[in-house]
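Scrolling down, you'll hit the structures one after another.
Paired with chain B in one complex and with chain C in the other, chain A is shared by the two complexes that follow.
Take a look at the complex of A and B:
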């Protein structure tokens, strides 16, 4: 082999070498970033699936003993079952209200041009530049006056205020994605506005609407501040955990944290397809 | 006639709801802050400012946002660039990276409490590796700086996902031809990132920054879970004054402070990252 040959082969090898090295580096970085997200979740699950004694022992084991002590302790703790039920009820109400109010508005924004449309859009967008949980302060006083204080319904209304702007923007973009011609075709075939909507548009947007409903559920399920301000007897799980942070044993906090996380994980998996479409459009 | 009324009929419920639950309380909280026993006064603000916790709370909140938001922005830009380069497994990686999106700040605080508390996983790991002999205390009022860092880590862990989603969505909108053209003219990866990606992403960067900064000023449950009342922050003070001290007026004054800095930063980002009219796609 001559020197020239070596030089040629070196030239041939180097770019691939370089490429595979950078590919390894990228794979390693991606793995580390995945671990950064997943390991803390794994650790809270380890705590939840260990007995209350193990949770406070030293040094801590990194694998669960699959002891259900913490879980049963959490489930039987005074007030937990009720708080869990409240969380679910408030979140379901929020889901229904924000889609029920938001989807028609989204349809109007997507399909019609009318005076006042921009004012409405701006107000909806403004809500996103506003620390919404703070609205719980004046609303707490208003709720006392109209008898909605410390009710699940009242809290669901405030959570709807958090979730509805998203529902409006997301559903508007969903309806925009459906050609108007489809509806017009249905009219010529004997549908009126309403039946055309129900028979043609609704089946097409249903998965997207379900995704934004799930999003509304998660917003309510996770909300802490307004829930803590507005409820005393009817605490949701987040409010309950927050107010018992000082006195509750560690096992209760960890099991509670895990119970908060799990449905969110599941729901996020259900809507993962829509996440980026939703945000890509909510951008504008 | 019927068709002209239709959009208004569809909008009406949402519009009425926005007036009752957004515009009215927004005005009401301002009135509450400036009145006491039905009279216009600065008393609430005087009481707020003269309390020793006010300065600490304001400083902690701003400092936290200042640490968390830029790091999140850099991290998510990095992650978004990597995701767009990926060929296989993109959906799985994106799902994993966006998991924290569904996790509440309270849960995130509890998760990091499990890691950072005295008998927690960090100490156990360090002990296992022989770095320490006995558990060290991180989350104590004696090291306010460590408390701040702990909260910042939990916040970065939890809320980077929202920035990532917005940026990935925005990156997908940049036409591929721009990169091809730049490559033809010999622009390297870094140059393409600085000259194409960043300027083209201005609207998404703006949305992400506004959203995240406002949420950073609202930080609450993470701090309560990790630091208790040892680390005063603005939202925690709102809660304190409203609940423990039963002074709605002062709580409203705090709310106006949060509102004020939120609006100031929103306007700042709207102005700094404005897209010139002729550059709109």
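Take a look at the complex of A and C:
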């Protein structure tokens, strides 16, 4: 081997080494992140689909026995049905409010130039900068003063505040994706601003709006802190489970966890494309 | 069928004036082309007529009626957009029928008008398709058919062919001209492509810096440019310009004396089109820099008296770079411009 050959082979080896090392690191990171998310979900599922006796027994099984005992127990537990209903109602209200208010704001951000537009954009995000515990107590006091405490409507308002920044930013990016020319063409073809929006823009952004509505639903569905602080009689499922953690048997917690996690997971998976779009990540 | 009158129209954006006091009349059934480089205000003017933007000052009339305050839907116009703006969620049929449906026309009439417009643009076999399944040229046809189906008083077209490839553009140009002649609709057509303007227009309005510099028939815009700008902008290659000095009753350009206009100036500009030059023993002489054969003709780029000068000559003339040649301008094709105002001199 000549010196030149060695130099060549060294050149060939080094980048490969480097690449495979970074690939290993990447694979390891991905594996850890996946396990981080999947193992708890797996444990919840296994325990939910086992009988209450198996849940408390030792050793644990890796495969569920597909016994519906835990689920039945959970479904019949005092207060669960009501909490579940509350969760659904509050989440639906959150969904309606945050789209009803957020989509017009998103449209304004996408289509109009107005003074303070960038400030508005930042302020929208800033609402998420304050930790909820900081806001929850003053809010609770204010809600008591105006009689909104312990109501589904009051809780939905708080959840709307949490969901709306996302609703605004997601819908703004949706509207920006619709060429303005399409609306102008509709105007020349006999539409006013409103009919052009309904006949041209809305059908085109509908899937995205639906996605952002689902996202608002999930935010409300998963929210526990405000729900626990602001409600007593009208507990949502998350707050109900949190407050009954000490007294409830293990099987109830797992089954409750599954009921909370599965819809959220399913919905988010269904709308992932639009959520990625918000952050400008292409999903191919 | 309507006349368009534009009187003293100005458009200002915050600190920028896009249009300076535009006066223009487009006759009934006329095909007017607004021609200019990008940023000259031609699209702004079209959008003012369409009602997509509003004039800061002045009046716009369509068919004798002031339309300044009217929204686009009440102006009896139809518009073809640069990017076609074919609605992606509707079929071609529903796209063409969109405006008719907004007019609440009965569906058998819609069907009949859509079919007629589609036949005019040769897209009757595409009626069930969506825009995603169409090529650029087909989308263009849908956009034109959609505008024609409205049977508007005025048809506005904003660079409708600029997104097509060269061959398709040439084909569509001829076809569009035929269709529009047949429909007898007053048309304003915006383009930056002078070949398009020349070949389609009844009249060309050349725009520059927010002004209409000249509005005349294609031939007179070409032969008798109203200003130095028009001469330099229209024609490929553009007009040649040389400074001319007064010398005992004549004007001398590059050492050659010409009869010119009688104006009270010491220096004016001599102008001649590259194809209006003939090889001769006496005339403008210069050293040839580049010879480009173009088939029927050859484009000769040369130095005349230190100025860039182009000539389009018969391709069988033996000319090589580095040679010195002499060209005689055709006397009736010489034009003169005022170097200060840039306007043509008679």
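Assorted remarks:
As a convention for this text, the second predicted complex is superposed on the first by the 240 of 284 C-alpha atoms of A that agree within 3 Å, B and C clash if a C-alpha of one lies under 4 Å from a C-alpha of the other, contacts with A are read in each partner's own complex, and residues count from 1 in each chain.
Here is the rule we go by: contacts are C-beta pairs under 8 Å (C-beta built on N, C-alpha and C of every residue); 3 or more make two chains touch, one makes a residue touch a chain.
Note that the coordinates shown come from a computational prediction; the quantities given were computed from them, not determined experimentally.
Chain A is touched at more residues by one of its partners, and among chain B and chain C that partner is B. In the overlay built on the shared chain, the residue A:179 is in contact with chain C alone; chain B does not reach it. In the superposed model, A:187 lies in contact with chain C only, and not with chain B.
In the superposition on chain A, contact is made by A:114 with chain B only, not with chain C. In the superposed model, A:29 makes contact with chain B only, not with chain C. Once both structures are placed on chain A, no chain A residue is touched by chain B and, in the other complex, by chain C. By the touch rule above, chain C contacts chain A in their complex via residues 50-52, 71-73, 77-79, 81-83, 85, 87-89, 98-99, 102-103, 146, 150. Residues 4, 6-8, 10-11, 13-15, 17-18, 21-26, 28-29, 32, 79, 82, 85-86, 91, 93-107, 110-115, 117, 119-121, 123-125, 127-128, 135, 157, 165-166, 168-170, 172-173, 203-204, 207, 210-211, 214, 217-218, 220-221, 224-225, 228, 235, 238-239, 242-243, 248, 251-252, 255, 258-259, 262-263, 266 of chain B are the ones that touch chain A when the two sit in their complex.
Only residues 179, 181-182, 184-192, 195, 199-200, 203-204 of chain A touch chain C when the two sit together in their complex. On the chain A side of its complex with chain B, the touching residues are 26, 29-30, 33-34, 36-38, 40-41, 43-44, 47, 56-60, 62, 100-102, 104-105, 107-109, 111-112, 114, 116-117, 120, 123-124, 127-135, 137-142, 157-158, 160-161, 164, 168, 193, 218, 221-225, 228-229, 238, 241-242, 245-246, 250, 253-254, 256-257, 260-261, 264-265, 267-269, 272, 275-277, 279-280, 282-284.
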